[in-house]
């Protein structure tokens, strides 16, 4: 949608390993059954299989669970661009839920819109995949803060 | 904060039972260890004990999990005012995370700000309780839609 | 960013004239000096020249004015898809401000993300143009409601 | 709504004069006809008279204009707590529009929810006054950034 999609250069060439290590420490992602499926500069994707243990009352994936994976995807999209020794926190986010979160797999993607020394702004999307078809189920805008001198681990 | 806090009259005197039945069907709430602790007209409270299974990488409760309980609290706050036979869905919400979600217990509260036939607007707050002290850790604004003629179960 | 960008078919072939008539009735747009520069199915663009009369204390265009043009752009993007006799209202929106709103011209664009009978979800972007260069200064997520049987005029 | 409403102590006893000087430099507030009516630690109120020059197509005050006054109210609520020599910028905000913005007068109020060295979180409310009755027409959540070493003027 943006005229010039930014090509990001990570400050730390080891960014992908740092994202994977941090993701592995998120007990919530393990409890929800979320999986890190892609990491690139300014980008992260996380997948989740819909099932009753993560559902709301109608059987769809709970909006909070959809939020959890897209919040993490946005946070790690930003984190790919952070210098070594810095840590990431979500300041705020806003989610619109567009369609029932159901299907074979949900894929949450985070995209850095605007990197910065203190704040990083991201966008997120969640698609539901079913029989090879993708449906957009949620969109997000998110603000992250860079915690300098605070390691992730 | 509002000059005249509204006193809501539920359309269905059995609203509390309907909320409890619907909450019991949310597999995600059980998986996260969330508990429904209070229901009143236009109000709902949900509690969660912080623990590694719902944490992010620094050991605090994951922002998505904080969101899950306050989204449900806001949704059920609205649902208390719905007529029999109507169901609730979150259209969107926005969360600001104010302090680390940690302590003995998190309590998420939803408050109806503006009821309506089609849309209901709520506010949410999440407090962390530790040694009898409460800290505000998140605030939410949320839009719900009333699905008439669609039962919750 | 979305895999399959939707191609929208307007319900009313006279959508562009309806948008222009409605825009012309927005006294706020005239007061702010905003101009409707493009209308297409699911899309609308509005331009504004930065000047002291619309500035905040540092001389940049006020965040509320940036919001006014992107709210209108999103609202009219949705309105292009409405049937004759329906009217549009903003339910809510969220804006992230990414860079100072300054330059030769601001261009706010609204894009329909998800049309619906009752609710329409849009995204918005505001770019600042200076010496032929575009800078993204704000992004928006917005929820609109379709007021059936309520004419715009 | 919060258990313990915070009592804020401003870092600069001359905070009210600083707010008034900064507000006077906002050309947009003058163009819209907005008036600063109250300043206190962590609080600010701004009023506006509805009239065709600030209206949308149905004759109500434009959502962007409602946003402009509540964004400024929230920003100055935060600014009351800033040290001398620091400046304020809105990072993001989210508005829910609850009722038509019309009547004799709109009053936008900003309240600091969480002060901080870098980020300040506020809530906002806009009431419409008519024949002595107040109606809540909008609520806001907002994130501000403190620009240290950057004077307002």
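As written, the chains take the letters A, B, C and D, and residue 1 is the first residue of each chain.
We take it that contacts are C-beta pairs under 8 Å (C-beta built on N, C-alpha and C of every residue); 3 or more make two chains touch, one makes a residue touch a chain.
Being a predicted model, the structure only gives us computed values, none of them experimental.
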Q) Touching chain A and chain C alike: which chains? A) B, D
Q. What chain is the most remote from chain B, judged by the mean position of CA atoms in each chain?
A. C
Q. Between chain A and chain D, what's the gap in Å when you average each chain's C-alpha atoms?
A. 32
Q | Inter-centroid spacing, chain D versus chain B (mean Cα positions, whole Å) | A | 27
Q | Length of the line joining the C-alpha centres of chain A and chain B, rounded to whole Å | A | 23
Q: Would you please write down the residue numbers of chain D that are in contact with two or more other chains?
A: 91-92, 94, 96, 141, 143
Q) Touch graph across the chains, line, ring, star, complete or other? A) complete
Q | chain C residues within the chain A interface of the complex | A | 1-4, 94, 96, 98-99, 111, 113-114, 121, 123, 125, 127, 134, 136, 139-141, 143
Q | chain D-facing residues of chain C, complex | A | 22-23, 25-32, 51-58, 61-65, 67-69, 71-72, 87, 89-97, 152-153
Q: Give every residue of chain C touching chain B within the complex, in rising order.
A: 91-92, 94, 118-119, 141, 143, 145
